[in-house]
Each structure stands twice: as structure tokens, then as C-alpha cells.
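Each of the next two complexes has chain A plus one more chain, namely chain B in the first and chain C in the second.
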Partner chain A sequence: MHHAYIDKFAYQDSAIHRLDSRVKFLVVLVFTAVVISLPRMSLSILACYAVGPFAVLVWAGIPLRFVFKQILLVSPFVLVLALSCPLYDRTPVVVGFGPFFWQTTTGWLRCFAILGKFVVTMFALIVLVSTTRFNDLLAGLQWLGVPRLLIIQLGFLYRYIFVLIDRAHHILLARAGRKLKNLGFKNELRTAASMLGSLFVRSIDTAEHISIAMQARGFDGSWHTLSKLHIRRCDVFFVLVAALFISGLYLLVRPILT
Partner chain B sequence: MHMANELLSIPVAGGTLAISAASLGFICRKVRQVIAADKLALMGILGAFVFAAQMVNFQLPAMPGTSGHIVGAVLLAIILGPHLGAIVISSVVIVQCLIFQDGGLLALGCNLINIALAPSYIGYFLYKSVTNGHFSSLKAYVGAMSACVIALETGAILVVIETAISGVLVVPLSTFLVTMIGIHFLVGFVEGLVTVAVLAYLQQLRPDVVADSLPGVIRLSRKAVLVTLGIFAFIIGAGLSLLASDLPDGLEWSYAERPDQPDFQPVVSNPDSRIAAVDDLQSKYSPLPDYSARGSKLGQVAEQQADAGAGWTSLAGVLGSAATMAVIWLTAWILRKRQPQ
Partner chain C sequence: MIAMSKAIVIENFTYRYPDGTAALSDITLSVEHGQKVALIGPNGAGKSTLLLVMAGFVKGTGKVFVDGMEVNGANLKKIRTCLGACLENPDDQLFMPTLFDDVAFGPLNMGLTPDQVKARVADALTTVGLAQMADKAPHHLSAGQKRAAAVATILAMSPKIITLDEPDGSLDPRNRDNLMNLLRSLPQTLIIATCNMRFAAALADRAVLLDKGRIIADGGADEIMSDSALMAEHGLEVAAKKTK
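Right, the complex of A and B next:
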């Protein structure tokens, strides 16, 4: 088990980590919705909105290098679509930034606004994910009305994802040790299909063993967790500060900047 | 092709979230009635299997250096049935969002529909309807291939529709559609090949697992692959050329936002009352529906002076935010330095 790097920061401890998962989830959801509905061409207001999640990330002790790496990793689709904006929207527009003025097109403004919103909302999502243990998040989601079957499914999935990724690594290593060159499409496909098939069979067998073990311990389909949810004073404080930040920027700063 | 928040408008994101939540709730209730407790572990582990399976890559032909991997939605739907398949793939999409940050939180509804719900049901019913009746290898091939290709194409087309209704992108609809359909045809075709090969492998090793979906023996043959490819190339080619001639090129979804051409007439308008209603809803409920960048030309002195104030405020906004972030970071750094380990 050496894949805990993906959400290892969720197991740190800080004031942010100790907040209730429901509170964090809802605040991030509202924040994302507000950022998405900001004007499509204004960049400076996005910079102001970035301050909030940035402060929380720093406070929670999440390394910024990890954050940016994560954002870069999931950006290709958005990047391609954003960069296609300047090709199709060539309405000229004059942009002023401090003492500088230059002419550009609204396509570029759109492109940078999409990328800026992407970065800011990713900040918020990373705050949620890397300061909340997945089990707590699931307990919160169940409280918020997500079906119990889906919660159990997600719990199992999370528990075994790293086990099976480990297995896939072993199979990939075995192939790399035996395959010294490109085998051609047909054989590549056949090898991959055999690997997938054996992975599938092993998964089914594992599932059978696990479910026998669980039934031996009295599992009847109900799911009990240790995660306790309770709203404390600091949760209320966090919600107040977040509401003040989001609405304050929206009502006071946005009209000036746009 | 996970959607991001930024490509959607609030009404589209909210609507798709509501639709996917309702259908997932419905499916869960339905499955809960028929499933035994011992199947719960199997479903969870097959979700993890999808993640592991996506790591198994293989070289693609004609494109050296690129490798593909399986998506897995149709494979699971064929083996498990559409309801269980839909739940497993939905949980995969949710974990991709919440742990790997792939796809935005608000776009989760779109992603669930495009990647999990639509492909599972469409793939399953296509496969079943093709392989219905007397079983033959060719039927299994055509069934799995058409299931994969059409299921993935549906997801791709849904992505285009959702972004078009949102109106964030200005890429002409037909260009975007043709690109997405082209790419996903290739993806779907390779997915179909792998799916058939995995089914054949499973039939040799564990016939009990695929007994429902493969009633006869499936043989891997070059001829069957070529015949299927021929059929698909024909169908998709004909469809694409029809589509391309049908849609006027350069259809601008943002036709209402062109300050440079006040007399610009939309080439195509959509008289559908539902779209008008969505537009209405968006303009009513999105806090600020239109952008406010001024379209002025260089050289107009009066306009430039009017813009000067805006330039300074935006500079102040960006610099102020940057300074705040720097102060926050420095404070945290100093505090952490002081703290004994």
C-alpha cells in the first residue's frame, strides 16, 4: 500500500481539518456557484475570489506545489476548449490594466476568464478534498440525502481502490518485464485484454472472499461508521466568515471592478 | 472528457444535477429491492476495478507514443446489467471528482449523465438487442462495438449540447460537434475491440461470469473485426456528411453578444420554447448574466479616458489580491518556522 499520496493531506490535523464535513461541502458548493456566475470577461474580480480558498489552503498546511500539480493534471480538456475561444471570437476590445492599455479580442478575455475560474474553483475543490477524510465526507453526504446504497458503494470503492491499483501495478510491471518492444496493435490489444480479464477475475474472487468474511461477522447490508457529525462554534464561525467573504466581494467589490 | 464547471452555466449545472440525482435515487431504490447484501462488496470492488483497469494501457496504431485505455462503462453494463453498471460507474465518477479532482463539483451532474448513466443504459440495450436471438460471433462483435461506439458518442454529443445551452464557449457548434464525434468514434472503436476481447477471455476462464451475456462461444477473428469496422465507417461517414451539410458553418451561439456588429442577424434561431425558458431562467437567476467588457476601438480618446478608471481599479484588485495572498503565505511560513516540530 504505497498509494496513499492522493489524499494523504486529508489525514493531517488543523482547524480546517476539524470542521464539519457538511459545512465545508456546502460552503465549497456555494462558492463554486458564485464564481461560475461571475461576469464572463472580468479577470480582476477572480483574483479577489482566489484569496479565500488560498488562505484556507495555506492555513490547513497544504503544500502549494501539490495544489498546482493537481490542477495541471486535470486541465487538458478545459485548456483546449479555452484556447479555442480566441480563434472564434475576434471582437476587438481595449483592455486597461493600471497605466497600460492594449487592444485584444474578447476571445482572449473569455479564454483567460475560463482558465481563471477553473483555477479558483479547483482551489475550492482541493480545499474540500484535501482537508476532509473521505469517510467523514460520505457521512456528511448521507446526511444531505445521498442514497444509502450509493454511500455504501462509495465506501467500498474507496476502501479497495488502492488495493486494486496495486494489483494493476504488479500486472503492468510483469508486462513491462516481458515486453521489450511494441508488439503491434493486434497483440497489444490481446495482451491488454488478457490483463484486464485476469484483473476482473481476481476482483470478483476478492469480492467473494470479502463478502464471506463480512457475513461471518454479521453484515446484513446496514452500514455503521465512526464518523460523528456535530456543528460546533467554530463551524458557525467558518460559515459566517465564508458568507461574509463571498457576499461582501459580490456586493461591494464586483460593481467597482466590472 | 470530464466537464469542468467553467463550461457550464448555473441553470444547466443545476438542471443536470437535479436530473442525475433523481435518476440515481430511482435506480438505487430499484436495485435495493432486488440485490442481496453479499452483492454490495462485489459492486464496490468492481468500481475499484474500473480505476485499476484504466491504468492498463496499450499502444495505439498509427499514432506512435500514444496509448489508450478502456473506459469500462459498457463492459460492466454488459456483465452486470444496466442498473448495477450505472451505479458502479456513477460511484467511479463521484470518486474521480471528490478524490482526483477530475471534473468540477457543479459539473458532477453533467458528468454523471454523460459518462455513467447514458452509456450504461444505451450500451446495454444496444448490445442486448443486437445479440438477441440466434447467437453468433459476428453478432457479439457488432453488438459490443455498436454499444461502445454509440454509448460514447452519446456522451460526447451530450457534452456539446450542454456547453451549447450554457453559451460559455464560442466555438461554432458544428465544428465542436464534428470534432467530438470524430475523436469519440476512434475511442469507441478501440473500446469495443477491447470489450469483445475481454469478454472472450472471461468466457474461456470463467464461463459462469458471462453466461448471461454470451450464450455461445465467441471467436476472435480478423474478418469479423474488418466487417464491423466497414459497417461503422459507412454509418458514421454518412451520418457526419449529412450533419455537416445540415448545419450552417460558423453558427455563433453567442450571436446576441456582438457589440461590433449591431445589425448582426442570427443565422439560426431556435424557436423551441424550452430553450427560451432556460434562457429566461438563466437571465433571471444568474446573478450577473452578461459580461461588461467594453468594446471600444483604439484611438477613441474619450472612450480611453473613460476606460482609464476601470484600468486602475482592476490593477488595484489584482495587486491587492496578490499582496493579500503573499501576506497570508508569509504569515503561515513564519508561524510554521516558529513552531517546534
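Right, the complex of A and C next:
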């Protein structure tokens, strides 16, 4: 079955794809922290910050349609938060852009700041996920000190979430094939509970089989992997460019724009 | 000492499920090194359970020896290095994020050096024809590739004995033929549990017929699988004689 893998573009090849996962993760982390900490009035500088991840997305050959689709997918949660701002903060404020000035409310400014920061940080996050294979990202996170147990769990989650989705889909198909009329709310609920139960039992079964497969290959509780991570000159160059971009905008352009 | 010269020796082994149902009753079986044995029988006959017994995952009454070592807690690590168990569903066998990591999992647990591990992974993947797929995630592989990859995870540990549970399940004829050729080429002792008589007949030189947890017949694969009365009695089909 075909699945929309979150890292489906991570198997492409580009200079960005070849960068070390740790470097990409750290740059995205710092970038996100800086963008989030920007004052809410500085929408123009936010637009400047958007240029960085946007350029990297284009360079890495990630289709922009995919990028905006991903952003739209997550946007409802942020939209609710952002659109509630104009309702409770109606303090009038005058804003200007070049020779143009107009009056609005702080609530609307806050709303656009939230949406702007969301889009820019999503760009950065999509750069990370779409140019880094999930296993490389996990290896990088492990190297950066994320607890091994969490890494193992994330690895299993990523490996088996699709198997579970397939099974759920098959159960739904089996139900649809035999459901010839509306069963009513109570019966639908009962059927759903049985389906969930079946999925749960099969998950336990799978977990037992995986445990057997692991023990059969000598697993005794300690997790051994071969590290394929290595920092090259291009990684150092990427960090330098990213640091210049992030700090340059923050220190030089920000005072001018604000 | 008799057990020393054999790949597998099982003596009067009985196992019951926790609810009391007999899964295996008084099983006595020995397999020579280098033999290719088909464990045949209808669904629920106890074939998979018997394979788990050999790998030390199921404990019952009776004795089990693998390559001369008695299956018990003290020997388990050595036994699992010597006997590679390949499960029925390759999705259960391939649990790591990439094929490379999956094939490397066993050799790393054996304590081999990184260079040795890389060499073993490369050899195993080349043997099963997946050398170009090392960086692929298992969920990106086809059913046939997953099955071959599952075999590679075992081959990388260089076991003397390989057990395979329904290895031909959900494979199309081309992938089944590929797998058959691969298994035929392996020098190891093979014990294959299957309901597919054609697959069993093409691979095995000996067949052990199990039904309701008991060994019903044990002998030459051609002889047993061409006995139409015996096969029909146990819900199996007659296999065509092996072409040499």
C-alpha cells in the first residue's frame, strides 16, 4: 500500500541531503528559537528570515506544492490560536511600511506574527525532515544526547506505524465489504470497539514476534548500531553560512527594520 | 554424545499451550548437518511451534540439542549464533529503520568489529541480490525483497542451521522461484516449515509430516509427498516428483 511518508523526499540527492543530520538539526533548532523569540511587531524581519529556509527548500529540490500542503495540514491548530488574538486584544496601533501608514489593532499584529512565525518555522522543519532520512535523524539525535530508549521507540514507531495503518485499512475494508446498511450509532460504536480490539491484539502479537526476531539474533537488552555520521567540510561551511544568516539578520537588519 | 554429530536432536518433547491444549506431543526427531528438511502439515499442526522449540523460545518437557548443545538458558546465546530463525512474516523480522541496520543487527550482537560487520552485511545482501538496497527502509521493499532481506538478516550471522517458517507465503511465482534458487544454493542445514508441497518438494530431500502436534511420517521427501492417501488424510496436496 502507498503511504505518504513524512521523509519521502529525503531519499533524493542534493548538497543539502548530503549534509550531516546533526548539523541540520542544530541549525534548524537555533533558527526556530531565534524566529520564535522575534518581537511580534517585526513582521518585515520575519519575511527576511523566511528567505533562508525557502532558498534551501528550492535548492534541495523539494516541491513547493508538497511544502505548502504540509503547512496547510498542520495549520488548523495554529489558525484557531492566531485568529482568536484580534478578538481579545483590540488596542489601536499605527503600523508603517516604507511611506505607507495605516491603523490596525495589536490583536491583528499578534495574529500575523503567529502565522508568520508558524510558516517560517515550518519551512525550516520541512527542510530538516525532507532532506534527512528518518534513521539518520535518529542517529543524529542519539549522538546529541537524546535518551537511547526514546530513539529506539521512535525507530520502532516509524517502522511499524505503516504496518499498523495497513492493518487498520484492511479491517476497515473488511467492514465496508459486509456493512450493507446503516447499523445505527450503538452498533457502529460496538463494531468500532471490536475493530480497535482486534488491532490491539494484533499489535501485541506483532510485538511478541519482533521480540522473538530480536532475541533470535542475539539481542540481550543492549542496543548496538554502527554510526555512519561524519562531519565534512561542507557541513562546517553550512553551519558558518547559517550562523551568518541568522545572527546577521538578528544583529544588523533587525534594529533598522524595527 | 549422539547429539554431538547432529544438527538437531529432539527427544520426547511435549509442549502444551497455557490453556492445556497439546501443541506438540512426544516429538522425537534428529536432523543431520547439511540436510534440507521440510516440515509439512496442515495449518495448526505445530510446525511453527516446533521451529520455535529448536531456537529455544518454547520450553516444554523433553530434551532438545542444537549442534550438540542442549537448549537451556546457559547455552541460548551460542545456540542462537549457530541456529538462525527466520519468522513467517518478514515485517516481524525486519524491525530496523534501514536494511543495512537490520542485517547488521545480528553480527553487532555477536560482538564483531565494525569492519567485520560491514563485510558480513555486504556479503549477505549480495547473496540475496539486495546489495544496492542497503540504505532502503524495509517498508519501501516489495514482498519478495522483504523475504530475501529476512533471509539476509540470518545469513549475516553465518549460522550452521537455518529455520524458515512458511518462507513462500504471499510470494508470486517469480519471487518464489528466486527464493527457491537462493535457498537451494545455501550450504547450511535448512529446516523449512511449509504447507506448499511444490515448494517443499523442490527444496527438501527429507520431509517430516506433522499433524495435531505429532510426527505422522518421516522420510524421503519424494516418497512422503507422493503418497496421495497420506497427503489427503492430512489435508495436503500431492507434490510432483523432484526433477534432478
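For this structure, a couple of remarks:
Please note the rule applied: the second predicted complex is superposed on the first by the 241 of 258 C-alpha atoms of A that agree within 3 Å, B and C clash if a C-alpha of one lies under 4 Å from a C-alpha of the other, contacts with A are read in each partner's own complex, and residues count from 1 in each chain.
We take it that a contact is a pair of C-beta atoms (placed from the backbone, for glycine too) under 8 Å apart; a residue touches a chain by one contact, two chains touch by 3 or more.
Keep in mind that this is a model prediction, so the values were computed, not measured.
By the document's definition of touching, neither partner reaches A:S247: not chain B, not chain C.
By the touch criterion defined above, A:F219 reaches both chain B and chain C. In the superposition on chain A, contact is made by A:N135 with chain C only, not with chain B.
Of the two partner chains, chain B and chain C are each touched by A:V163.
In the superposed model, A:Q12 makes contact with neither chain B nor chain C. If you count the residues of chain A touched by chain B and by chain C, you find the higher number for B.
Of the two partner chains placed by the overlay, only chain B lies in contact with A:L125; chain C stays clear of it.
Looking at the shared chain after the overlay, A:I204 reaches chain B, while chain C stays out of its contact range. Note: residues 134, 155-156, 158-160, 163, 206, 210, 214-215, 219-220 of chain A belong to the chain B contact set and to the chain C contact set alike, using the contact criterion stated above.
Within the complex formed with chain A, the residues of chain B that make contact are 1-10, 13, 24-25, 28-29, 31-32, 37-49, 51-53, 55-61, 70, 87-88, 90-92, 94-95, 97-106, 163, 168-172, 190, 193-194, 197-198, 200-202, 205-206, 209, 220, 252, 254, 258-260, 286-288, 290-298, 303-304, 307-308, 310-315, 317-318, 320-322, 324-325, 328-329, 332, 336. Residues of chain A that touch chain C in their complex: 3, 133-135, 138, 155-156, 158-160, 162-163, 206, 209-210, 212-220, 224-226.
Of all residues in chain C, those touching chain A in their complex are 52, 55, 57, 77, 80-81, 84-85, 87, 89, 91-93, 95-98, 101, 104-106, 108-110, 114, 117-118, 135, 137-139, 153-154, 157.
In the complex of the two chains, the chain A residues touching chain B come out as 6-7, 28-29, 32-45, 47-48, 50-51, 54-55, 58-59, 61, 64, 70-71, 74, 77-78, 81-82, 84-85, 87-89, 91-101, 103, 106-107, 109-110, 114-115, 117-118, 121-122, 124-126, 128-129, 134, 137, 147-150, 152-161, 163-165, 167-169, 171-172, 182-185, 188-201, 203-204, 206-208, 210-211, 214-215, 219-221, 250, 253-254, 256-258.
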